[in-house]
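Below are two complexes that have chain A in common, paired first with chain B and then with chain C.
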Partner chain A sequence: MTSRTVTTAAAVERTSPVRKSRRSRLDFGGVLLRIYVALVGVFLLSPIFIIFLTSFTASESVEFPPRGVSLMWYERLVDHLAGRSGTKPGLSNSILVSAQIGLVVAIIAVVVGVLVAYALHKYVFPGKEVFRNVFLLPLMFPQLVIGVGLLLVFSEYRWFGFFERLVLGHVILTIPFVVLTVGASLEVYEEQLEEAAMGLGAGPVQTFFLVTLPLIRQGIIAGAIFAFVTSFTQFTVTFFLYSGATKPLPMWVYEIVVMSLDPLLAVISILLIALTVVVVVALSKLVDVRRLFGGR
Partner chain B sequence: MDDLAVRADAITKRFDQAVAVDHVSLDVYRGEFLSFLGPSGCGKTTTLRMIAGFEEPDAGTITVMGEDMTDRPSHKRNLGMVFQNYALFPHMTVFDNVAFGLKMRKVGSSELKRRVAQVLDLVQLTQMQQRYPRQLSGGQQQRVALARAIVIEPYVLLLDEPLSNLDAKLRKAMQTELRDLQRRLGITAIYVTHDQEEAMTVSDRIVVMDHGQIMQIGTPTEVYRKPANEFVAGFIGQVNFIRGRLEPARDEWTFIGDLGLVIPVPEHAVHAAARRTGIPVELAVRPEAIVITPCANEAATAVSPKGMITRAVYTGASTTYQVLLNGGQTLQVVDQDRPGSRRWSEGDAVTVVLAPDTLYVVPAVE
Partner chain C sequence: MGLPPIPWEITLSSEALPLSSPTPGSPSRRPRSPATRRARRWLTAYALLLPGAFFLAFLVMSVVMLARFSLNGWDPGLGMYPSLTLSNYGDFISDSYFRGIFLKTLRLALVVTLIALVLGYPYAYFLAMSRGPVRNLLLLIVIVPLLIDVLVRAYGWLILLGDRGLINQSLISLGVRDEPFYMLYTETSVVIELIHEILPFMVLPIAAVLEKIDPSLREAGQNLGASKFQTFLRITLPMSLPGILAGTLLCFALSASAFVAPLVLGGGKVMVMSLLIRTQMSVLLNWPFAAAESIILVALTLIILYFYIRASRMGLNWRQRD
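Let's look at the complex of A and B:
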């Protein structure tokens, strides 16, 4: 009787410690990972968080932690939008200018980008790699250099008005995005569909519009949205190409910063961030973003 | 020339340094079902694509319905192509997919609707017409692809291994359906496959290809019973090869196997290219044509060598035996399981009967 009990007890002892350590080993790793991710998240998001809080401050100056809670700076923004006296003029105009430029830039970048991406995908020709790199170059070039360079050329030859110059500058910056996103769509789309369409009597142009375009729609939309947002928030190149009358939003903000540093900037920042978030969410619904950036 | 649907004249295609299609010439007759058969890389798909206009031949001409199409782009050839992976337009409904070719031909709305409805009925997919390709099964997608190619009433229907993505049972069912449809419509069809059983099932004639060249063109019976060479004999069905040479006899030939087998062979059982004394030839005998009988006490005769069963595999409808002849030759024999047929076991001593009219002699490959 005794020996059996001892054996049973030993058997139980043998099993439970093993189970316990297996459980705690898993937990330990999982907890560490969670802490790490949380820290990274906090680090990345803290500036936005700080700005968010600052925008609700009741004081006249930027300080953290903010003193008091108030919507007065949001009201101040509305004042600026309405152009009431005592405010820096031109906010609504700047927003309008940025939107107009963004739209034109998106359209041009998409048209050119689609053609370039299609050519790179479909054809083999001498100098193809050089061609590809030329169109991806603006991604790697310092924007300062692009801005100064364009300014020098435009001033020297007195080409274009300021609106056109800004459009051109932004198009240069955004075409690579479109080429990449449309290129990714072309990678996954079924080549043979074009042959199927041609076999059924569709000429090359018809095939492009009826079959290819609808199927790379996601890449095109993603590229267009990237282009618009990049143009809307673009600073460096814009800085060298704008004028008093043609003043995109980032320039208006810059001028306010130069004059005074007040929580109005926090409010504007929050609104721009909100715009970007909305756009990215819309994008993720339309496009498989992971694939776009090389994932699976 | 009137009953000629397609004529390919010495067409050649090179990819980099490799020759994919090497001076291939063939005629396709109106209303026939012709298959291109061969192993992967033999050039059958490339030949089909040249006829379709998706590849440009480096040399040679292609004539369809009497017109020279060699330089004509694919969208101007009026041919109906069915692809291996269907290539249905994913952003269009079944109806729109099928109607696409008619829209390109600017067919009027009411006639278009009528013709699409007619062909969807033919492939039994009328209920699916508002669905999208991703909502259909493989077999259904295949039928949509077929309908899409047929509805435009093409000169020739081109099919590139259309059934290879389907499971075995569906495949067999579709083979007969396809054949019936083709017969009913009277449409000329060119079919590419690597499956010799499939080619034998559906075709009026088969073009057997290897390494870019045509090995033989003939009816299923011709390529099976009278293969032009070792490749064709070995590619279609199972075959036993016995190597040897021929000696002329009075009004026939005597085959002398390297391992000692001596068999008389009638003239018609020797391929023209093999009718020469002394050159290495292969005697081809199909496993199902060999009969195994009990080992009688008479000495082995020329066409009834003695041997021993070395393997027996029962597969339900038949049993496959491996027989080692006393001279050293190994033969595969397939015995249909019939009521009263005897089942042999390993180690049994047997006599193997080779009936002369089941033999065929072809030139040997060096």
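Let's look at the complex of A and C:
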């Protein structure tokens, strides 16, 4: 929080004098830039916008212009969740499966990721850079290959059930997020507090749990949220590891999306988008999100 | 607990030392030689990395397994049989069909990356220069699509780009076109979805580098008589090159291995590496060949990743020099 306020204040201080002196002149380039940026923004938001419109259609299928505005597809979602007859089965079960996997993944990824981030931050040891890159590797590693590779591994060695395999695959994908969010927190926290605790007689383990962890809790929460959402919406790795009995939500959606443009999916999408927006707003309160992608 | 002393203990001033001095009689706190202390710190670090290494070991194992399977033979009647041959790789390179798919994958990734750069750079520039609510809004617009379920985005594009979708119906009812653009299940729709998917990965690294550029450099340029555009060309653009490089490499790697866009918006008709692997894997059940293709894709990604790491390190050094 403190660092955020400081940077904005600095930004205001350093840009405003220049801005003011140029304001008076007609800034043609600036206007063009604004229009261009707005168009890119429209492009980025267009799928969300169209899904939002579609979810209120009164038509039986996706069509333009729609027959009217209604909440009938929201009602049908409730029917699906209640498992009424005449609906596609398995929606509530898939949501449950995804939520369970996401929860387990978030817990494991946080525990594992905090330890990794702490080791990379605190210690100097041989191979440190190699380890850092290896733990960030899943961010760029082709997810398809992770899925296919794990499928081969589990066809050769019949370890774990489908649930555990999905958890394993998702944990691999989400460790980097926790390492990055917690790493960002570790970079800005005040190490003197740890020193003070040690100075007052606390052991290293006591210091870690009573001082360090509370200090980096924002990074931990952000990492956990990131891990949960990534797992909840993960498609590619899930595609190769799921089974009919353990079918996460994205697979349920996929089986419909290849058949038809069912407006029911728009309603489900709207709920997923709402979840995402809440998460992003929460994240932006916790960590500087740009750090995760821009800086290393 | 017998954990070693933590490095920053050394930095304590001499006045503070008595406080942290070992309790008499506690053997674990006895002063040790620097070499032992260093060795113990290494061990602690490795111990902390161990749980993470357990999970990453499965990633390594996947790649090893793929590499091993890619050397196996395959027969349409018998299926896979153990062998040690490079014939899968040989077939891939010598067959013009597979070579074509590989080149098409690279071409699509290149097109997508370049368009994303053209769209993303001005956005990142504006994002980096703005502040307050505008900045937060621009950031939100970039990050929300990044976190939204990739299937949800694909579904949105299906609705927009379909023959009876919003774009085509609008064009027809406005009288611009008599018949729809058949965009769905073509390269066009795949490219559009991919740009949408990777644009945040272009914007965020570039914006991060642009924000780190000392504004006094730009002011100096303008004070010395350069126009805004000249300042941009001579100062801002060259200094943001590390961000451009990082974003470009990241986007290229992501679009070369993207799976959902060709699967859903390509409808299986736009054959790229990822779809080829899936088809060989789940439809033709030619696992050795799918494994060989996966290894080729991994090799491509790792090469790009290597340059990406070097590019972002370059950006880091740049910042430190400021």
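Quick note on the criterion: the second predicted complex is superposed on the first by the 247 of 296 C-alpha atoms of A that agree within 3 Å, B and C clash if a C-alpha of one lies under 4 Å from a C-alpha of the other, contacts with A are read in each partner's own complex, and residues count from 1 in each chain.
One rule holds in what follows: a contact is a pair of C-beta atoms (placed from the backbone, for glycine too) under 8 Å apart; a residue touches a chain by one contact, two chains touch by 3 or more.
Please read all numbers here as calculations on a predicted model, not as lab measurements.
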| item | value |
| --- | --- |
| First (chain B), second (chain C), both or neither touched by A:L215 | first |
| More chain A residues in contact - chain B or chain C | C |
| Touching partner for A:L200 - first (chain B), second (chain C), both, neither | both |
| Touching partner for A:F131 - first (chain B), second (chain C), both, neither | second |
| Contacts of A:E190 with chain B and chain C, given as first, second, both or neither | first |
| First (chain B), second (chain C), both or neither touched by A:V145 | second |
| Doubly contacted residues of chain A, that is, touched by chain B and again by chain C | 195, 198-201, 203-204 |
| Residues on chain A engaged by chain C in the complex (per definition of touch) | 8, 11-12, 14-15, 18, 22, 29, 33-34, 36-37, 40-41, 43-48, 50-51, 54, 62-65, 108, 111-113, 115-116, 118-119, 122-126, 128, 131, 133-135, 137-138, 140-146, 148-153, 156, 168, 171-172, 175, 191, 194-195, 198-201, 203-205, 229, 233, 235-236, 239-240, 250, 253-254, 257-258, 261, 265-266, 269, 272-273, 276-277, 279-281, 283-284, 289-291, 293-296 |
| Chain A residues within the chain B interface of the complex | 190, 192-193, 195-204, 206-207, 211, 214-215 |
| Chain A contact footprint on chain B (complex, rising order) | 52-54, 73-76, 78-81, 83, 85, 87-91, 100-101, 104-105, 148-149, 152 |
| For the chain C and chain A complex, residues of the former touching the latter | 1, 3, 5-9, 11-12, 16, 19-20, 41-42, 44-46, 48-49, 51-52, 55-56, 58-59, 61-63, 65-66, 69, 119-120, 122-123, 125-126, 129, 131-132, 136, 138-145, 147-160, 162, 164-166, 169-170, 196, 199-201, 204-205, 207-209, 211, 215-216, 218-219, 222, 228-229, 243, 250, 253-254, 257, 259-260, 264, 274, 277-278, 281, 287, 290-291, 294, 297-298, 301, 304-305, 308-309, 312-313, 316 |
